[in-house]
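Once you scroll down, you'll see the structures, which are given as structure tokens.
Look for subunit A in each of the two complexes below; its partner is subunit B in the first and subunit C in the second.
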Partner chain A sequence: MLALIEKRTSRLALKAAGVLLVVAVIWLLGSRQNFGLQQYGQLVVAGIGTGAVYALVALGFVMVFTVTGIINFAQGAFVMLGALFTVTLYETPFTGEGRTGLIISALLAVVLTTVIGVVVERLTILPARNADPLTLIIITVGVYIAIQGLALIYWGHAGRTLPSFTTATGSDSIFRPWGLVIKAQTLWVLATMVLAFAVLSLFLDKTMLGKALRACSVNRDASRLMGINPSRMSAIAFGIAAALGAVAGIVLAPLTKPVYDMGLTIGLKGFVAAAMGGLISLPAAVGGGLLLGLVENLAAGVTKAGLRDVFAFIVLIAVLLRGRSRAGRFQ
Partner chain B sequence: MTAPDFVAETPPVSARRRATLYGVVAFSGFVVLIGLLQQLAPGGFDISRLTGGVITFDTMVRIGILTTVVVGLNLLMGYAGQVSLGQAAFFGIGAYVSAILTTRADVLGIGAGLANQWWWPWLLIVGGMALAGGVAYLVGRPILKLHGHYLAMATLGLGIIIVIVFRENFGYSLGSRNITGGFDGLYGVPRLRIGSFDLWPVERYYYLVWLVAIVGIVLALNLVRSRSGRALRALHGNELAAETLGIDTARFKVRVLVISAMYASLAGSLFAHFRVAVSPGPFGFAASLELVVMAAVGGMASVWGAPFGVAAVLVVRELLRTHLGSLVGEAGGQQEVVAFGLMLVLIMIFMPEGVIARLKQATRRWRSE
Partner chain C sequence: MKEAKRQAKGHRWWRLGLLTVVMLLVVAACGDDDAGTTTTAAEETTTTAAEETTTTAASATTEAPPVEGTAYKIGFVASETGPGSGLGVPEANTARMLAEQWAGGVTGPDGVHHSVEVIILDDESNADNGAALVTRLIEEDQVDVLVAGTLSGNALAMAPIAEEAMIAMISMASSRGIIESEGQTRPWLFKTPQDNQHSAAWQAEYLNSLGVTSVCYLYENGAYGQDTLNSAKQFFEPAGITIAFEGSFERTDTEFPIMTGAQASGCGAVVVGSIPPGSSSVTQAAREFLPDLPIIGGHGSCNSQYISLAPDAVEGTVLPCGKLLFADTLPDSDPQKANLLQYIADYTAFTGGEPISTFGGHAWDALMWAGEALSSLEENADLDARRAAIRDYVETEITDWPGTGGVFNISADDHLGLDYTGLGFVKVQDGGYINFPSSDW
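On to the complex of A and B.
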């Protein structure tokens, strides 16, 4: 017992030392650029904003993985589709002008993307249901390439713009608490993430369909015996993941210029976030997303903006290796 | 994709050796024939003309270079069963080592007396292989403990990190010059020569590239048919079972990663001397994917599949670029990307062992009927 406590405390001390080390390095690098508390605060705000997007994408990964055991590399494509469909629908005359037009276009974009998600599952995942992981990986990657290529043909190289939600114009309203700059759109992102998480949790916990989905993730054969169709659940999981991806893309769109190849890095970072939570837990995926956003922004902020992805992928590899050492979680 | 059935009906060793020898001789003969055809070109009867402009001689050189990479990737993915979605980064290491140490020799304090020697680039090719192998060794041990999806993600992340290092340089430059050239990359990589014999024009370089590819194929065939090769296939089938047979799976996996990285780096150096320039673009995620597609088309667990897979992908891409463009209209000439993705999906769904294996099956069935 005593030995166990000792082991625990030493592990805790090790963790604390690690965190302190990271903070010290960040502080050191930051002080070279004369960073004050305000700069760090700004980086944290930006980190939470991007982290919320990653969290939304991560929820999609968790949905698909728990129900089907597949990691869907095409998840990022849904983010891109959500954003670009909204832009196109908003720009076409029939949805009217102003804020209602924006909401209707966004809803339509989510529906469209969801349909695409389901179709993708039926056409590519279903026929290869029993293939080994390598084959499935390459299939989802192929799907991603195809969708990105179609997007390139349809939308072209140029980045689009979507007005921010609150003002419905290009400029965003900005709050300035304690000298920090917070865009209203960042708050939209956060609120959407929280809402999506809450709705998804309630759906999985309280509804019959949600319970069926969870049953499928526990044991496919047993759930089949109980009259659940695992194949249909797989399609539904892909649909939900596509919808979540689309929502992420839509709330993100006013902050960046959506473009046909935006999906790859966002999808990968969503995966990193999901993997940080072990790929099976929704709250952990949200936590992972926020943490990844923070780490990435702080590290890139104190070093060089171009290195942002390096930090994200170092986190990815570290998470995978660490998860592996814990009870063989990432087999 | 299932593990190859290597237990059933293995022909005697001597017969297999003879078959391999015939294969190598026939293939080399074909390569030399193409080379001669281009060089002698009676009445403009060259490769480009012969194939309606789809395959240029340039393409033939590219196929040779990429074959070397894909042979290495086949060893890793097809035989040992370890996914790599970052192989293009090793290709890039070779290219960048060659490019940096030839074009930036003065900034790095390497005397012109050394840098202008004919053997200097050749030394760098070996150095690049050593560096790529070293990187693979360092990252291999921890990363190869992962399986399936997780290994794919980790290698993908690794590949992206290496390419960002090429691009960003970590903000480090010597004197006024950026070592890796950033986004634009480096220009002016010298041509290879032996003594005073230039390995250029492209007709000469072609023979070098294919010599390397064929030596690579022969070495890979030897490896595959050796004791180690059987160990690799065993660990592809079932790692735990291989372990119980006394195979040190961790060591074998790292070794095969190192070998495949060295193949890639060698090809990368040849690519740098061929293009005379390097930039981060051709070594990114898309390139890694393309390599996987090539391996998949040729058949993952098939050394001879590599040149066919590479050729098929390059030719299909070229055909799509020239013919699809007129069908779909203008989109920056990028339509082939869609077809490329679809092709990947279809092949993996219907022919997970590769097109060549499927053709072989079909002909066997046709013969027996």
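On to the complex of A and C.
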């Protein structure tokens, strides 16, 4: 017992030392560029904005993983589809102009992507449902590559643009409190993330269907005995994940230039965020997403280099090593 | 939930899943668009093959002159897809246009007629692809001359291959390093775009006229961005301008944490060294974070994509650009004017009204040199002799040559042959480029 406590404290000390080291390095590099509170505040705000998108994607990973036990690498494709469908629908005349056009296009895009999510599950996961989970993961990678290829054929290689939600034009309104630069779209992203998280939590907690999904995640065989159809739950989980991905893509679209291959990086970062929380907890996935966005932005901001992805992948490697030591403990 | 946790940890394949991610990361690191573009590469090759046959067929059906000599081949590689496509597409369009104009072939000084074929390939903005395609053109297609390289990084990867095969390569990318290595001219390499030093000279003059003494320099990671930064360092300091902040970004980035540092440095102007989409995105970010500062671009942004990707943000920015963008306002005495207007008319007619960019002009200059060199050749030269003769022709005969990028005077010491007046200065106004000469500053 004592040994266990000791082990735990030493691990905690190690973690604290790691965090302190990162903070010290960031502070040191920042002070060389005369960074003050305003600069750090700016990087934190931008980091939370980016992190909120990762959090939305991570929620999709957690949904599919808990219910089906599959890591769905096609999640990034849903993000791309959500963004590009919205752009295309907005450009067609029948969805209308301005803000109404945007809302209609966004809703249609979410519906379309959700349908695609369910269809993908029925076509690729259902026939292989008795296969090894690793096989299923590889199938999702294949699905991702297939969807990206189709997107390249349909949308081409050039980046598109979507007007921002607030102004319905290319230039967003910007708030400048205390010298910070905050885009209205960043607030939309944050609000959407919080709303999606709340709705999802309520749905899983309060509704019968949500409870069935949760039952499936706890024990599939027992829930089958209780009359829950795990195959149906799997399709529903994929649908919800696709919807979450699409929403992430849509709120992100005005901040970036949606393009057919945007899903790979963002899907991987969403996965990193979800894996930081062990892939099974919704609040942990949100926390992981925000933390990842923060670390990435702070590190990129103080080093003057555009290598944001590098820092995200350093975090991934850290998560990998942690996951290994954890798995090792159980053997 | 505890139950689920145990379940999750118990599965050993969870770790295998992570392994998959690491592998995916490797793919991601090798280039964002690798996974999806394999199909395009295949498609691209087939279309080119089809075009090749049509070009040859066309030249075969034209009335054959008395003596038919060797068929000439020009190898052309541009970045038609990928992040460099804003530059590569007008270049490839220009190559197709000239291939059509040359369908009748050329007649040498000895009266022998030769068909001319332009083999057009796409390197997908990837330097490795570019190097592989150039090797293919040299060894399998046995081309006489190369016009290759949209992006500086790609051209630099192709250059040593051309040197080793002893074939002249005319680059459409701008880094000085393509034609010069440690102060020595690389004998087999030429380029048509103005130097980044020329851009920097204009930028320094403009900054002086504004009275700005410290700038934030934002450049893309890669050969082109690095070359613009080095050029700026070379020209800004003697002009009394310090670079208070230098920050780099990826060409495809849409978020720019470096803006925080730029803001903290308190510089008086922003200078951008990138091509679209990077230059558009970074200009947009600069407008948000430093709304009161003038923004100055480089000649890598002289195409319509720079404006179309962020029309509101780039409005009012100034940059040095080739005269192609304001040809109609030039005085008639300008030696380039006739060629510029001819190119604009031809290009517009050929593409059905695509916007003019200076990059198509770089391809035109390069291909015209190659075409001129080919028509100077005598029959009975073998391939190696032809390749050497083309190199010699470009080095010695392209003098007082009014192209789209300026009046070229190539010599053994200078394989570009332009000074900074090859560029003009423009301002983005009402979604287009307008002439902004120093008299208006």
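Note that the second predicted complex is superposed on the first by the 305 of 331 C-alpha atoms of A that agree within 3 Å, B and C clash if a C-alpha of one lies under 4 Å from a C-alpha of the other, contacts with A are read in each partner's own complex, and residues count from 1 in each chain.
Please note the rule applied: a residue touches a chain if its C-beta (ideal position, glycine included) is under 8 Å from a C-beta of that chain, and two chains touch if they have at least 3 such contacts.
None of these values were measured; they are calculated from a predicted model.
Shared-chain residue A:Phe238: touches no atom of subunit B or subunit C.
In the superposed model, A:Phe165 lies in contact with neither subunit B nor subunit C. After overlaying the two complexes on the shared chain, residue contacts for A:Ala146 are found with subunit B alone; subunit C is out of touch. With both structures placed on the common chain, the touch criterion links A:Phe78 to neither subunit B nor subunit C. When the shared chain is aligned, subunit B and subunit C each come close enough to touch A:Leu268.
Of the two partner chains placed around the shared chain by superposition, subunit B is the only one that A:Thr124 touches, whereas subunit C remains out of contact.
Shared-chain residue A:Leu134: touches subunit B and subunit C both. Look at A:Phe61: by the touch rule set out above, it reaches neither subunit B nor subunit C. In the superposition on chain A, A:Gly278 contacts subunit C only, with no contact to subunit B.
More residues of subunit A lie in touch with C than with the remaining chain of the pair subunit B and subunit C.
Shared interface residues of subunit A (contacting subunit B in one complex, subunit C in the other): 71, 132-134, 137-138, 141, 145, 148-149, 152-153, 157, 264, 268, 271, 275, 304, 306-307, 309, 313, 316, 320, 323-324, 330. Subunit A contributes residues 71, 124, 127-128, 131-135, 137-139, 141-150, 152-153, 156-157, 264, 268, 271, 275, 303-304, 306-307, 309-310, 313-314, 316-317, 320-321, 323-324, 330-331 to its touches with subunit B in the complex. Note for the complex: subunit A touches subunit C at residues 33-36, 39, 42-43, 46, 50, 65-66, 69, 71, 73, 132-134, 137-138, 141, 145, 148-149, 151-153, 157-159, 161, 169-171, 174, 181, 183, 217-219, 255-257, 260-261, 264-265, 268, 271, 275, 278-281, 297-298, 300-302, 304-309, 313, 316, 320, 323-324, 326-327, 330. By the touch criterion given at the top, residues 1, 3-5, 7-18, 20-22, 24-25, 27-28, 32-33, 35-37, 39-40, 81-82, 85, 220-221, 245-250, 253-261, 263-265, 277, 281, 288-289, 309-313 of subunit C touch subunit A in their complex.
Every residue of subunit B that touches subunit A in the complex is listed here, in rising order: 1-2, 77, 81, 83, 85, 142-143, 145-150, 152-154, 156-158, 160-161, 164-165, 167-168, 170-171, 285, 289, 292-293, 296, 328, 331-332, 334-345, 348-349, 352.
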